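Report on the structure given below.
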């Protein structure tokens, strides 16, 4: 059977996640667009943007889970790939502003006019075409990850050392992007976007489309990752994660596997960043802050690493909490986040998703007590 | 000692000189004083110059009085100084005038031209002052604004001068004047250029530049050669200055990283909250200073000495609490430790922010930490210098603790073979706690030092954590000497690159180089070798 | 070549399958291997014994590419110098290794462990596209049968007993279809019955492949009944049958102390 060969349908649950994501966002978008603003069920515009942001974070978390959960690479620099993708999108959006900028220069973005630049730097060429920008959204983070990973994995930098140098990587980029003469808007970054693919970014319809695009991208990558991790390739990845030298002595070139997955994951993160930028309306060097990358790691840890669905749940839960907290008690947010880091690592090493099997086990016990016969089942993290 | 001898010799010289010359000049002083009894500005000006030329000790007071309009004369050409309170002094002797004020007392007239003459004369007089500091100041003044007209008094002073420092300064002033003098011979000018070249600073360069542009062939040539030489010397000094800044940054990095070298290098615990231990040390310093300001201001100069042990205890205590409650349960899971301690760092930052507010706090420098001194072409600030000293002291003490104390012995035993150590009766859990406390305490001490040169804010620690990890990894984990070399090397590399590439780019270059380095030598500069490391 | 005197087992005219030539490895001044030379003939089974620190595991590390020797070379099948290759390349040449401590993929099923070891093109692009052919499934079942783990094929490898893990690892070695198997202490922690069965298994494997066994357990070595090499301080002390080497005075001295 084709379906069986694809491996996608081996478990019905594989489709549940994308169905929830797509169905949920469609419903929310419909409630926003179709109902009048005074209707009880109308979803306000800011919720759309917020949800879109969450889904981009979820995609970032998914990309991180692929490298951390399945290959054991704890990247503390994934925020850098996210931000690079975001900058690629930001550059496209800047070029779309055209003469509507404050200075009305048809070619140069406002900040370049402000800095008295006479012409567009070469690396801005082509960004007025969406296709070129799209290519760069994947290529920029992918290339960086490839070069970095090639050097790191070849010389077998692993574990904490790797984590620290990934952190240094994003830190170096943070410093670099703060510079005005880098040509990426310095401190202020890129903002004041007007339209994407000819659609006004202020329109509710555009926002809903962006939300749906994020949901579709997340769903697609989720299905792809699910397929990949359950394939023979995925088994090799887990083998590399659990017993790297055993895998080597079996003849697997560990560094190649790591490089492939790391690069792919960086592209995912980059695309997440690219969709994030039009929905929040700005990209600035703050996105490179090492603290952001670590926070993303916590989303994965909260949800449950190595489960694919966990990081999505984790990213949405933590960010929802952040939105609530920073609205009500902003000072408490860092206490809560800090406490979450400690709590999850100490008491919930398998994350929220890991609670499921133990819940099932408890349920089984209860049923047994009630006299039901229970077929033997083995604990599996995902379902 | 040398200076004292010299000062005494100078004093004796002057006394003798004074005694010998007294009668001879007496007439000249009287003559010049008579010149003030005139209504002609020209006469008064001449009198000023004449009086200054005598170099008489009383001349300063007389000229000062003249400039203030307090000098008066009578018809019989006697000159008096009028005090603020109206009493009169005999100008010649400075003694109060007994009895009635003389009849027909008139003030000596002063205009701007006379005032200028007074200023020039005063400069000349201070050149022959008995106070070496005053002579030096006036020689410097003469150098900075060389006036060829002053050549004669400078040469006179030069002939009399015995203090070598003042003498050099005078020679340089003379050289500057010769260069500025249009009719000086080429030979004199070339000789002057040699003297200025020896001085070798920016001021000398500006005179030499003028000479290079205006002088005749031979003079210009000599000036250009001298300029090139000065440029080389200045470049050397600026390299040395960069090196000093690098050393200073390196010692800051050393302070910040050395605690990490213990917790990460020796115990293998990734403590992302290490930076916050540094921050706690800085805030302890702030609290200590506040207490001193409010209750015992006289202790302010000792505030850092008091804060150091307290910071050690505060940060060490927090560190031990963290080890007991969190890290203990995560041994052998480095990545989880990393996450949990990062959470703790957020927690501590927010706690400090809630208590002390988010803004930068003012931590004062004790008097012995402020200011700077010159060493050759270097300007060394006291705070940086003391931090370098402090870093090395902390390093040495820590080395001794690890090598010479029973705690150090137990620590090394536990890190090398935990089970064997436990079998020998070492309470390994307790040693872990103490080791972590020691590492954190040292971070707290680093905070005391950093409070002197950096902003004390809740984010203080964050800015050092990545650099600190880099230092430890660069130097080689588990090796304090590696940390020392790593810190100094990174500090110097940063500061040497800074003038070439700019501060931010320099830092990026260093980070990139470091990442490449770690990829070439994943175990750092001084790796631990052997089979044990492999597993 | 100074200490190697092939006695009996390897006929002079066959080219050795594995040839270590003057291999020296030092860690911080300590010489783990000291100009070690050794020859293994095709189809041979060799037992390597020696006291702790004799360099047995380091020798394995050098052959499999984990440790680069300071001097010397290691030739496989005549002219392939293994010291120039990495672990993966050496494994793909046909050298399999079993670790001293059983190392299996604990979070994956017994079946998947064997699947991962099956001989295939190991490059990521190929693996990404590869499914499982019927041939492969049959082969896995066959191997599971040989190492007596058929009943546990869906268990996680981490749930196996110590002895079962040892056998799973040997099964994985078989799946690799290597020409040369390096087996480090295969019976450590096994019961007597398991030890006998393991000896039987290794002899069976030796019918088609070359095997080098590092072992402490003398009963096991005796049960294997093959040529023995005694290592001491990083070089060969004696070589020959077990009876021959155990009557060697130097060997007795090394084992019993001076």
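By written order: A, B and C. Residues from 1 in each chain.
The rule is simple: a residue touches a chain if its C-beta (ideal position, glycine included) is under 8 Å from a C-beta of that chain, and two chains touch if they have at least 3 such contacts.
Quantities reported herein were computed from a predicted structural model and do not represent experimental measurements.
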item: Chain whose mean Cα position lies farthest from subunit B; value: C
item: Chain whose averaged C-alpha position falls nearest the assembly-wide average; value: A
item: For subunit A paired with subunit C, centre-to-centre distance based on mean C-alpha positions, whole Å; value: 45
item: Where subunit B and subunit C are represented by their mean Cα positions, the distance between them in whole Å; value: 68
item: Interchain centroid distance [CA atoms averaged], subunit A/subunit B, Å; value: 50
item: Parts of subunit A lying in touch with subunit C, wherever the complex brings them together; value: 5, 228, 231-233, 235-236, 238-239, 242-243, 245-254, 256-257, 260, 378
item: Interfacial residue positions of subunit B with respect to subunit A in the complex; value: 270, 272, 326, 329-330, 334-340, 342-351, 353-354, 462, 466, 469-470, 473, 504-505, 507-508, 511-512, 514-516, 518-520, 522
item: Subunit A residues within the subunit B interface of the complex; value: 74, 148, 151-152, 154-157, 159-161, 163-165, 167-169, 171-172, 175-176, 178-179, 290-291, 294, 297-298, 301, 331, 334-335, 337-342, 344-346, 349
item: List of subunit C residues in touch with subunit A within their complex; value: 64, 66, 86-88, 91-92, 96-97, 99, 103-108, 112, 115-117, 122-124, 127-128, 130-132, 154, 156, 172, 176
